[in-house]
Each structure stands twice: as C-alpha cells, then as structure tokens.
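What follows is a pair of complexes built around chain A, which joins chain B in one and chain C in the other.
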Partner chain A sequence: MTTTDIRTSGASGGGVAGHQAGPPRAARPGRPRARLARARSGLHTLVFLAPMLIVFGVFSWLPIGRAVVMSFQRTNLVTDPVFVGFANFQQVFADPQLWTAIQNTGYFALLALLFGYPVPLVAAVLMSEVRKARGLFSALAYLPVVVPPVVAVLLWKLFYDAGEDGVFNTILGWFGLGPVAWLQDADVVMPSLVLEATWAAAGGTVIIYLAALVGVDPSLYEAAEIDGAGVWRKLWHITLPQLRGVLLITFILQIIGTAQVFLEPFLFTDGGPANRTLTLLLLIYRYAFTNSLGGDYGAAAALSLMLAVVLAAFSMLYFRLTRKWSS
Partner chain B sequence: MLTSRTAAAVTAAALTALGLAACSDDGPDDGKTHITVTIDAGLEQAAIDAFNARVEQFEDANPDIDVETQEYTWTAGTFTAQLAGGTLPDVFSIPFTDGRGLIERGQIADISAYTAELPYRDAFNPNIAAAGEDADGNLWAIPIAAYGQGLHYNRTLFEAAGLDPDAPPTTWDEVRTAAKAISDATGEAGYATMTNGNTGGWILTTVVDALGGRTEDAGTATIDTPQMREALAQLQAMRWDDDSMGDTLQYDWAGINQDFAAGRIGMYVSGGGNYGNLFTQNGLNPDDYGLTVLPLADAPDAGVLGGGTLAAVSPNAEPAEQEAAVAWIDFYYMEKLTDQAAAVADAEVKAETGQPVGAPELPVFDQATYDEQQSWIAEYVNVPVDQMAPYTSQVFAQPLVNEPVTATQEVYAVLDTVVQSVLTDEGADIDALLATAQADAQAAMDAAA
Partner chain C sequence: MAAQTTTDRGLLAPTDRKRASVRWSTRLLHGLLLAILAVAGLGPMLWLAKAAVTPTQDTLRHPMALWPNGIDLANLAEAWTRVEIDKYFFNTIALAAGSWAVQLLVAATGGYALAVLRPRLGRYLSGAVLATLFVPSVVLLVPLYLTILDPPVVGTSMLNTFWAVWLPAGANAFNVLLMQRFFANLPREVFEAARVDGAGPYRLFWSIVLPMSRPVIGVVSVFAVIASWKDFLWPMLVLPDPALQPLSVRLPALQQFVELDVFLAALAISSLIPIALFLVFQRLFLSSAGLGGAVKG
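Our next item is the complex of A and B:
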C-alpha cells in the first residue's frame, strides 16, 4: 500500500464517522473525491504494473503453463496437438538414456559440490584476509563471469586439446606427464567439464561471500586473535557460523544449477564420448530437437516437468530440514 | 490538463502498446509478394555477391515478387527448432531423409499444385523424386541436388607421406595403410571420421553399405551384422593399433570440413559434393584437394550411400507466397539444370565472383540431361576436375543405396555412441556395443512406427 493509499483511507474513514454524526455539508464532497482518488491510484498502479505483468506473463508464466499442458500432448508445434494422457511420461521412463542422464547429472553435481562449492568460499576468505589490492583480486575472481560462456568454452577447448601441444598437456609435459585426452577419455571428461564450470561460475559466488563477510562483526575476529586463534580456527568458529545463512542459500542454488547443467556438455562434447556426459537437460534438448519425429516436444516437456517437480520438492525438503540451523 | 502522474501512466500504456505492436510481423503493403529465401551461412563476400546478383535477376524477371535473404544451414537440431518456432525462411532446404516424414506430418507447405505445373515435373529420376513426394505421388518438395558419398583426401599430405595422390586407395585395407603412412610422416590424422550430432551414425552406415551390409530391413534394425563388425574393427585398428586418427576424435560435419580444409586430415568420408563448402566456407586450398569413390567390397549388395537436398516451403507461407517460392526454386535451383541460358548465366556469375563451378553431383533427372547441362557450363568450370577424376570417372557406375528411412536420425544417434565408444575406449567390446545398439535402434524404429 502506498502513502497515498493510507491518506485516502484515513480521509474516507473520517467521512463515514462524520456522516453518522451529521457532518457539515462541506465534508460531503470529500467522499466521491476520495473514491475517485483511490480508483485513480489503483488505475495508476495497474498501468505501471502492466508492462511487468505482460512481460512476465508472456515470457515466463505462459511458457511454464504451456509446457505443463504440452507434457500431456503429442505435438510438433506445427500441426494440431493431440492429448495423450501420461504416454509421454511413460515414454521417458522407458528410455534407458534417462537413467544414464540421471547418473551423469548426479555425478556432475557431486563433483561440482566437492570441488566447486568450497573453492569460492576459500577464495573469499583468503581475499578478505588480504590488506591491499582486495578490489583487484575481486575483479580477477569475477572476470570469468564476464566472459561470454560460449567464448569461455571455445577458449577451454584449446586448453583441453588432446594433442601434446594442447595448453594443459604442454604443462603436464614439463613434468613428464600426459598427454591426457581431456574431453575424449570417458574417465576424465566429466571432471574436465566440472573444472571449467567451476572456473566460469566461482566468481559470482565469491562476490556474494565477500559481501557477507563484510557483515561479520570485526570484534569477533579481534577477540579470537587475542585468544590466540589462527586463520583456520577463526574460519571454523567465526566465519562459517556467521555465513551459514548465505552458505545454505548458495548450496541449494548450486544443487539446482548443477542439476540443470547443459552448456558445458552441449558445447564441449555433445553428450559424448558414448553418452558419458549426457545430462538431463541435454536429453530434454535431444527429445525436442534431434529426432525424426520433427520435435518430440511432449516428451521434452514431460521430462522438464519431472525435473522441476523433483527440484522443487528437494528445495522444500532442504529448507524444512535446515530451518533450525539457518535461524 | 494532465497531471504528471497521469501523463506518466499514459506514456507507460502507450509504450506497452507500442511494444506489443512491434511484435506483429506484417510485411510492407506495396502490392508485391514478399518471400524470404535461403543463403548459406558463413559465405565469403564473393559468394554473397554472386547470390545477390541472382536475386536481382529474379526480381527483374518477376517485378511483383520481392526477395529477402536469410542465412540458413540445415542441421538436425537447429532445423527442428526453427520449424517449431516458425522462424524458417519461406524457402529452405532439407535432406532427402527428412522429406517423407515432414510431408506425412504436414510440417511443410503442400506446393504440389504449383510443382505439377513445372515443365520438367515428370523428368525427375523416380527414385530421387520419391524423396519429395507424398504417398499419392504429389511433389511437396523439389529435389535440387543429389550426391553419392565419396572419400575426400589431401593430396599434399599424400605426397608428404610418399603416396601417389593420383592413385588413391581402392580398398579399405589401402585406406588403413595410407592413413598410417600419413600419420607417421606428417603427424596429422591419416583418417578421421565424424562422430557427433548423428553424423557418426551417418558415416558408419555409409561404410557398412560399402561393405555390402545394411542397417535396416523394412522397419527391422540390422545393426549387429558382420559388415558392421568389420567397419568398427577397421576403426578400432586405425585408432588403437596404428594411432593414425590424430588427437581430435569428436567431429561433426562442420568441424571435420574445417579441419580437412586446414590440412589436418588426410582422408575422410562425406558427400561427394562437399567441395563447395570446403572452398567457400573453409578456405580450402584447391591444390590440396583430392576426391575418389568409396572402396566397395566384393559383395553383391555393396553400394555407395546416396542422398540429396530438397527445396521445401514453409508451412506458414500464404498461397501467393508458396507460388512465389516455387518460382524462386525453379529460377535459382532448377533452371540451371534444365535451361542452357540459365545454366550459363548461373555459371558465369559464379565464375566471375570466384565461386566454384563444376563440383561433382549426381543427376536429379536422367544421365543425358546431366551430361548436357555439364556441356553447357564446361567453359566456366573452375574446380580442379582432374583431381576429382578418380570420383567422377567411377561414381556413376557404383550401385546407389538410399539412406535408411525409419527413425533415421535416432538410429544414427545410437550409432554415434558406438563409434564414440570404439574411438575413445581402448577396451571397447564391439559385441556388447552392437547388442545394445541393436536393441536401441529397434526400439527407436518401433517408436517411430
């Protein structure tokens, strides 16, 4: 409610009271004016809200609703759709590639959690300890986020060149190691994708942690130092507890983000070698765009819907389980 | 007088209305029929100039039609997205394999009323016309080019390896030997194959056909065959025993063309008409180029996989636009195959702008029409025909095999996985891979049926 709303409401209330007591005539014109003002105010609000509502409605809510409907249809988006009940869901569950994609996505999420989740935190803590040029370190950490993702992948493809003259293989060669087929060896390819994804995304999380660290009361650190605490004890007993709210949020964001990984497997490997990097979103993409049915959008929408429901349920469960800790 | 708040609200509403109005897609109302036609993506400026010159010629001959151009290259993923999103140009090209399915599902415009009027409608090679016809024989999409797969090779790498570029391999054993020689002598990949985006399955199917096998028998998957084992064993030997396939083992069509044109690949299998793409989009040095036919096994069913391109019209095109689109297809793609003046005009423009003229194709009509058309443009031919002679002198005698028709892309995708496994896993068990692929391919075919 705006300030104007409160004022007009108050004026209206006074008018009612005045009417009961036999108000002076001069007060009567105030009632329609107040109604008019309120109506105008509501209209103004609606007009200013309209662009946002239209944009969100057309580009977010409508497609979401459309996807839900589509998951129960056989459609190629050109000819008329046909309702097929749960056939799309049955088709997806019967696809052996679904389980491959679930395993791969889980593996990516696990690796990203083990290696990608701590990296920004450690980087932020170390940077917060730096007395000089903290801004420079922040900028350097954030720089990969600014690089367009496709450009970053093309750059890393050079790094990952399987030949002896590839960037990483050249470095390994200095130590008598390699060469490694980074994107072609089934055992190495997923960690390779996680490494690039961590590099590309860590900067944004570092900035969040740095901002949160500013809010930690410096006197806590000073007291700890007086008590003889080192960097790691301060980290364990002060920083982590103080950041727990932010850590909880970044954890769930990380899970949701990695469950929807698409860019890296699509651009680096197209799901290969031999489906070792086929993820759920890449499978959805394949359903939709690379089959002889001219686009199996029903199956794609069905798998999308299932993924969204699972992630929503996981998020709710997560927040319920961590409510006590976060408070 | 408007208050400032009211004025702001009116402005916001007006901007919203303007924004929505901008979403509409009405063409200019100048009395002309407006169509959007396809130009290959990533062309050199000379090729774009040549194309624009042809557009001007068409507009001069058809003053009631206005032609706009849109960059377009068919790939399995982007085409389906553009089709669903309604962002295809009015005229676009599709591979033979997709014609029947798109027609059956009504995903392209029914232009058969207009194509029936074309003077050469009944002159098409029946096997080729079938790719663009519905079940009743109505022509919905016009065949504009046909090809047979070929073995492209780099003459410079052949010479560097001590091989005779005028005597390219004629058996698959010789392909393997040459690949090892090139790899040992130059450090480049002696032989490379496509693996990604369904192209791995496409090329594997090509080799299987050349060995006398097939991957489909009337809706039944025939993946687990001796010919398939032989093709995969050859790849396995080149990759792991000979180490002659280089460091890059993941290629799609664009990627392998790029690396071949850059001199990083000794040999690879692809469509016999690839020279245009290699030269105009990837900067191939013509002196490097060599093309020969695929080695065919001494088996009764051994043949060369064929394919081709259909010109189709968007399902969103209005009848007048469909008619104009057929006129464009007739002018740009077909007249040069059937009319001497048009053939000469097309070749002249291409030659003047340095574009390739005379790259090998298979006839979409009969052999006599093709030979006649080649004689019309003989003086403008600027591709290294002598270096393509091992192909052009033999391909017409090779039995042509059509691409599989049931769940083609899905089966190719299944075979992608097999090829990738063999190339990236030294211990890959071909028997197990084929058993799985057989089941997956059959499941895909059953689903399509």
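Our next item is the complex of A and C:
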C-alpha cells in the first residue's frame, strides 16, 4: 500500500489490459501482484470516495466539531477566539428570553400535535377504503406539501389579515363571526401559526400512513371477522396496533421538526407580538445574526448544542425504530 | 406487502361493502373527505391563481369575489419583468440544479464505493455518514456559516457565491445511505460478470450500476430539487446580495415595495414549477413521501 506500489502499477501498462488478463493469472499464487492490484483498487476506491469525503468533511464533520468547540469560545471573527469555559452557557441561561422561547416552542409543538396528529390519521384511514380515484385524494392531500413554504406563509399572511375584509374574516363574516386579529392577538397568534404549519405538512403524514395501511395483512382482518368483530373493533384492535410503529415514527419526526420551527414565526410575526412567538431557533438566529454588537456566535452555538443534544436523543430513538420495523 | 397477492381489501370486508348502510355511510364520508381536501388542499392555490390576475383594490375589498371589476393579466407580465421575478426565478433554478448535481455526485460515487468497492474502513465511513443523520440541522447553522466565510484550502470567502448553497447540500447522509443500500441490493453476479469481461471500476459504475439505478436516482433527484426550492434560511444567510437570491429569499423582501396584485402574481409564478413537477411525477413524489418521510433533519 505504498506509493511505489502505485507507481509501478501505473508503469506496468493500461489498467483495462491488466484486468482482462486477470482471471487466469489471479489463479497463480503471485503475492506481489495481488498486493499491487489491491493498491490500485484502493486508489480507484479513493477516487470514488473523494467527493463524499471532501463534502462531508468540510461541510458536515468539521462544522459539527466546530459547533462543540465554539460553544466554549468567544468568537467574533476579528480577533482570535478565546476559550471562556461555560460562560456562553451561563449567559444563555441568564437570558430571560430563553424561558420564553422554550415555552413558546413547547406550546407550538403541543398545538402541532393536537392539530396535526389525529387529522392525517383519520384522513388516511378513510382514504385507504377508497376504491376509485384514490390518486385524486392523495394528490389533493399532498398538494400543499409541494407549495414552497415561503409562498405558503406569505399567502396565509394575507388570509390572516386582521381587517374585516381579510380572507378568513370575510368567511367568518358570512356566519356572523369575527373579525379575528389572527396574528396580532397574543392568544390567537400561536394557533394561527400552527394552523398554517399543519396545512403545509399534513399531506406528507397522510401519505406515510396510507403506505402503512396498504401494508396491513388482510388475513388479520379476515380472522377478526370470523370472530365476529365489527368495523370499530377491527380499527381499534388491528389497524391501530399495526400502525403503532409508523405512528411513533411520525410522532418523533414531528417533535424534531417542531422543536426547530423557524419559518412561520420569522415570516409571520418575527417573534411578536410581545415575544409570544419567539421560538428557540429564532432566538439562536438573533444571537448569531441580528445582534447589534456583532454576532454572538458563542451563545448561538451553545444554545444550538443544547437543543441538538435533546433532539439527537429523539433521532436515535427514531433510527432504532425504523431499523426494527424495516428489517 | 402480501396484501395484493391474497385479496385486495382493507378494513372493510367485501361482505360489509354489500350492505346498503355501510355503502352509503362510506360514500358519504368519502364525499365529505373529498370536499374537505379540495377546499383545504386546492382552495388556497385557486385563490392565489385568482388573485394573481385581479386588481389590488378588488382583492383588498372583496377577497372572496370572482373578478368584480375584470381580470388584470398585466400583473403577471409586470411581476416577471419590472419586479425582475425572472432573475430570481433563474437563480432558484440554478441553485436547484447545482444542489441536485452535487447531491447526486456525492451520493452516487460515495454509495458505489461503500456498497460495491467496499474499502477496508468502509464500515467506519458509513458510520460517520450515518452519524450526521442524528445531528439536527440547527447545530450546523453557525459553524457552517463561519466555514463559508472562511473555508479551508480555498482561502477566500464563499459568501455570495452559489457554491455556498451547492456544496453543503451535498453533505446529505440520507441520499448516500439510500444509494448505498440500493447498490448493495443489486445482484452481485452482474458485477462479477462485468469484471470478467474486463470492466474496471469506472466502467462498472458508469455502464452497469448507474443504468440499473434509475429508481433511486429518481427519488434522490426529487428530494434534491424540492428541498432546494423550499430552502429559505440558509440561502438567506449566505446570499445577502439580492441579485443572487432565489425566490424564497426575495419574496418576503419584495412584499414591502411591490403592489399587492403584482406581489400575488409573483407568489403564483413561484409555485408554478414545484406544482407542475408534482403533477407530472405524481407517482414518484408519493412513493418517495411514503418512504417514511425520513428526510427531515
């Protein structure tokens, strides 16, 4: 595996010719030749590995390591970084906004579960019984998922117009209700954000459930019917237990996703009114990129790291589950 | 998966379906569901399509009315030319195309090396790639930004270049693992036969493995293009120059100095390509989505 080996292999003639002569000669017990072939194949392998090694190295592995180091440093890009121990963490914990952000993110995640968890399940169970034009149902459900999220948020921002002539308020007006200050009322703003986020994401979950429902073994239903089970009992005792794995997976994915919610609070309200929609990611963003004193990268890295450790636990769980269920 | 081979049935038994009460209640429920899906899924986009060709005052005063004062097609042209949506549109396409190319290159070559060439330390490499799946994207935000400002080897900042979006997009563990798993499941006899016929690792990759891998390449491509089209925070950070920004980053800023009707036309134009792609490749989209939705990170 030394460089000389590689050089001699290059000098010994064209690669393809050497390979063509391979099978009969390989039968001969020639040790140096085998080592030579291995060196050359090692070089070829390295050529194929290079894009992955470079891209992952520079843009994934290195930054991950750097994230850990940075959270213990004071960095401002001008002077050399200084190690400050746990000062960044202390600073983050002393920030009263942290607790606001944790509460808001938790509230967002909770509402997203309440809105977004049962709806796709009910829709998918109903859709799995559709015999004609199921594709139409799936396409309609999935359409919001392909709408660019920024477009969706900006569009919904118009729908949420607080005036009587706002889109949603006009519709409420037909029933003699409203108007509602969707994004200005401190008690309504978070449900408004979650409603849009659910609209944008539910279709993907529906498709996942639908794929799982098709995979339920029909003989289970047949066996239950012989025992005299009705639709509801089959649903409760067969369908839902069979979906257990997928339900847990979407639950974990949703937690990981909602804990990192950024787009909705950033574009709808920029954290307002009165920090009622300030989420953890928005706080990290503000630490790093909108600080008037220059980026407080250390605090941002420290908070990211803490959030990541919590979420990584969920990811591990997710991975173990998918592996268990896919094998 | 044995579902199709035995009988094509689900929760409801074939005998259930013959009962009038069951038949009518499922019909009713399905009709209701279809109506809800149409209103919720299609409704907002139809409203956007309508508003894109409606004068501002009509949209503001009677948002739910259908063209009380006629259609204004000029909105679309004005958005495209005067607001320079065309420029941001092509930026978006360039970003998506580059991200797609880098992701495909990294995933295909990396997956091939790990699954077919099997280097000695391959297991550890796979592990290192897999490990990045557990790292939520939030962790990368700040250090990756600093890497873009001061990249190793290159020396000069990549800020305000498309590379700042393209290259990090390639570090996608999900793609590599998807490709690796697919390649590993290809019949190895084919590889052996090709080797006997004198194909080296490059021939094997280009003429045998890639042509056999159309399905997985399709899945990765859909994920890559859609993810790039959706991306907002990262391009906003690394492309502060408005002339280089994609639609997603530019639209929120445009809202402040563009008339509402033209702005809505711009929103409609921005949604056009993803929706068209979805309608054309529906099956691919839905089967990819059913894959477990494991792309979120």
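In this text, the second predicted complex is superposed on the first by the 269 of 327 C-alpha atoms of A that agree within 3 Å, B and C clash if a C-alpha of one lies under 4 Å from a C-alpha of the other, contacts with A are read in each partner's own complex, and residues count from 1 in each chain.
Please note the rule applied: a contact is a pair of C-beta atoms (placed from the backbone, for glycine too) under 8 Å apart; a residue touches a chain by one contact, two chains touch by 3 or more.
The shown structure was predicted, so the numbers you read here are calculated from the model rather than taken from an experiment.
Applying the stated contact rule after C-alpha superposition, one finds that A:A308 touches chain C and leaves chain B untouched.
Within the superposed three-chain model, A:D217 lies in touch with chain C and out of touch with chain B [touch as defined at top]. In the superposed model, A:P63 makes contact with chain C only, not with chain B. By the touch criterion defined above, A:F48 lies against chain B and chain C together after alignment on the C-alpha atoms of chain A. In the superposed three-chain model, the partner touching more residues of chain A is C, compared with the other of chain B and chain C. After overlaying the two complexes on the shared chain, residue contacts for A:Y297 are found with chain B and with chain C alike.
Of the two partner chains placed by superposition, A:G85 touches none, neither chain B nor chain C. Contacts of A:L77 after superposition on the shared chain: both chain B and chain C are touched. Looking at the shared chain after the overlay, A:A288 reaches both chain B and chain C. Looking at chain A, you'll find residues 44, 48, 50-51, 77, 166, 285, 288-289, 295, 297 touch chain B in one structure and chain C in the other. Within the complex, the chain A residues that touch chain B are 40, 43-44, 47-48, 50-51, 54, 76-79, 91, 96, 161-163, 166, 179, 181, 183-186, 269-270, 272-275, 285-286, 288-295, 297. The touching residues of chain A, counted against chain C in their complex, run 15-16, 19-20, 22-23, 41-42, 44-46, 48-52, 55-56, 58-64, 66-67, 70, 75, 77, 123, 125-130, 135-152, 154-156, 158-159, 165-167, 170-171, 199, 203-205, 207-208, 210-211, 213-219, 221-222, 225, 231, 234-235, 238-239, 249-250, 253, 256-257, 259-260, 262-263, 266-267, 281, 284-285, 288-289, 295, 297, 300-301, 304-305, 307-308, 311-312, 315-316, 319, 322, 326. Partner chain A is touched in their complex by these residues of chain C: 1-3, 6-7, 9-13, 16, 22, 26, 29-30, 33-34, 37-38, 40-42, 44-45, 47-48, 60-64, 102, 105-107, 109-110, 112-114, 117, 119, 125, 128-129, 132-147, 149-152, 167-168, 170-171, 173, 176, 195-196, 198-202, 205, 226, 229-230, 232-233, 237, 247-249, 251-252, 255, 264, 267, 270-271, 274-275, 277-279, 282, 285-286, 289-290, 292-294, 296-297.
By the touch criterion stated above, chain B contacts chain A in their complex at residues 5-6, 8-9, 12-13, 15-16, 19-20, 76-78, 80-81, 83-85, 97-98, 101-102, 105-107, 195-198, 246-250, 252, 315, 407-410, 413, 416-418, 420-421, 423-425, 440, 447-448.
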